[in-house]
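Next come two complexes built around chain A: one with chain B, the other with chain C.
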Partner chain A sequence: MTVKVRFFARFRELLGTDILAEPGTGTAISTLVKDIAQHKKEGYDAIFDDNGAFREFVIVMRNGKRVEIPDAGKTVVADGDEIAVFPPVAGG
Partner chain B sequence: MFSDRELERYKRQILLFGEEGQERLKAAHIFIAGAGGLGSPIAIYLAVAGVGTITVVDMDTVDQSNLNRQILHTDRDVGKKKTVSALEKLQAYNPDITVNAIDATIGAENVGRLVGRADGIVDAMDNYPIRYLLNRVALEKKIPFFHGAIRGFYGQATTIIPGETPCLECIFPKAPPKEVFPVVGVTPGVIGTVQATEVVKYLTKSGKLLSGRLFTWDGLCATAEEITIVQNPACPACCTGATKEMR
Partner chain C sequence: MTIKVQKEDVDIGALITAAKKHGTGAVVVFDGIVRDDDITEMELEAYEDVAVAEMEKIAAEATRLHNLLHVDIIHRIGRLSVGENILIIVVSAGHRPEAYAGSRYIIEEIKKSVPIWKKELTKDGGRWVPGEHGHGAGKPLKK
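For the complex of A and B:
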């Protein structure tokens, strides 16, 4: 199965965007994003905390619908899904 | 009624939305929170468009390091209060409007009074705690909140209409950590101009607002995208009646 992961803002600078992944059946969103982010420590650390959970301000969306952070570890991706991961941008 | 000078000044945009639209702009009072990177293009474009009353609030002094992006202020303004500098520039851009430049720190205790009877709030802040206050006061007063934020070459904007769209806390329930954010002036130029466009559209009842949509701009890739946003039924700001306290 193919899933597209899109990073925005600073996450995009660190990890790129529009990444096509081929996760195995039963892969949770957090596992998928972790696997992708792992190749760049700075990118990983920007998104995940020391316990490997999404940082509380990170916004995760699956096909345009918000996935609450506590649910990202148990929400399984499906073929054709698009996962968006972005931080609130703060500057003015 | 418009003077001959006003009719001449606004001639090209009266072609777009008529004298009726121009009158709506003239009758409007818009509150701009911040006279920095975003606040500069927002205030300038709303002033030249003829928004009748503009209130701009800032507590800062112009610093040399502001000048790469805060185009309301020039080299000779360094050391002046931003409100003094903003007032001079905006009145020079358009002497036919009223500008209230208020030197104040926006906080929970004064935000309702500062916004007063404005018809809309434009977000030109650089932090989420104050944005959340502005979001709540906009909900309470049932006036639109034109959100914008930037970092580096990247920016975002959305228009929040109380009772109709998700609010800022629905979209971003938790503030990111504070940082000295990198920025090049063109980014607040893009996003501030999007926000000012939204204000003009809202006031003149033109087009389709950025409501329920988060506009994102990636200057490095030169791509604009939108993310659909939905109301959070558990939002503490807009779904529980928690907005009654700020007067």
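For the complex of A and C:
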């Protein structure tokens, strides 16, 4: 299956964006994002804490809908999903 | 109603004219501009589809709560210079209390939940403007 992962703002600068991943069946959002972020320590550290959990301010969306951080470890991705990961918003 | 994320500037005068629907007694315009905070430019980035959907929800809720007759929200992205428009909100209502309250509601909700980010560019590089609300984006609006 193919899943698109989009990072925004500082996370995009550190990790790139619109990354097409091919996770195995049953892969959770947190596992998918971790696998991608692991390639660059600074990007990984911006998103995950020392225990490998999403930092509390990080916002995760699946197909435009918010996924609460505690649920990201048990929410499984599906073919065609778009996962977005970004820091607190600052528009206006 | 016009709700957009775009690079181009807008004609605020034309928006005011279009906002004067039957029954309008007040039009309030909010124009957020790039402030001269010792920066060279500002770079704005959006998660566009979600940002527009979120602003549409905010506009609908503002209309419901404050009896607005018309709402436009245009949020610009890309690279903007000091003094340029960032965000234009135009609302109309029968009376000024509703128009002011509706406009204020919209800007405060945008700051909480719309996925847009600003980077201040300086002579030495740049800095991302910290968000005011870590947990707002994508959450249902309070009723």
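Everything that follows uses one rule, which is that the second predicted complex is superposed on the first by the 88 of 92 C-alpha atoms of A that agree within 3 Å, B and C clash if a C-alpha of one lies under 4 Å from a C-alpha of the other, contacts with A are read in each partner's own complex, and residues count from 1 in each chain.
Note that in this section a residue touches a chain if its C-beta (ideal position, glycine included) is under 8 Å from a C-beta of that chain, and two chains touch if they have at least 3 such contacts.
Since the model is a prediction, treat every value here as computed from it, not as a measurement.
Colleague: I'd like to know which partner A:G73 touches here: chain B for first, chain C for second, both or neither.
Modeller: A:G73 sits against neither chain B nor chain C.
Colleague: Quick one: classify A:G16 as touching chain B (first), chain C (second), both or neither.
Modeller: neither
Colleague: Does the superposition put A:G92 against chain B (first), chain C (second), both, or neither?
Modeller: Both: A:G92 reaches chain B and chain C.
Colleague: Return the residues of chain A at which the contacts from chain B and from chain C coincide.
Modeller: 8-10, 12, 56-57, 59, 61, 64-66, 84, 86-92
Colleague: Quick check: in the complex, which residue numbers of chain A touch chain B?
Modeller: Listed in rising order, the residues of chain A that touch chain B are 8-10, 12-13, 56-57, 59, 61, 64-66, 84, 86-92.
Colleague: Could you please specify the touching residues of chain A with respect to chain C in the complex?
Modeller: 6, 8-10, 12, 56-57, 59, 61, 64-66, 84, 86-92
Colleague: Spell out the part of chain C that touches chain A in their complex, as residue ranges.
Modeller: Residue positions touching the partner: 32, 44-47, 49-51, 53, 75, 86-87, 107, 110-119, 128-139.
Colleague: Under the touch definition given earlier, write down the residues of chain B that touch chain A in their complex.
Modeller: For this pair, the touching residues of chain B are 34, 36-39, 123-128, 148-152, 154-156, 171-172, 174-179, 181, 183, 188, 216, 218, 220, 227-228, 230, 232.
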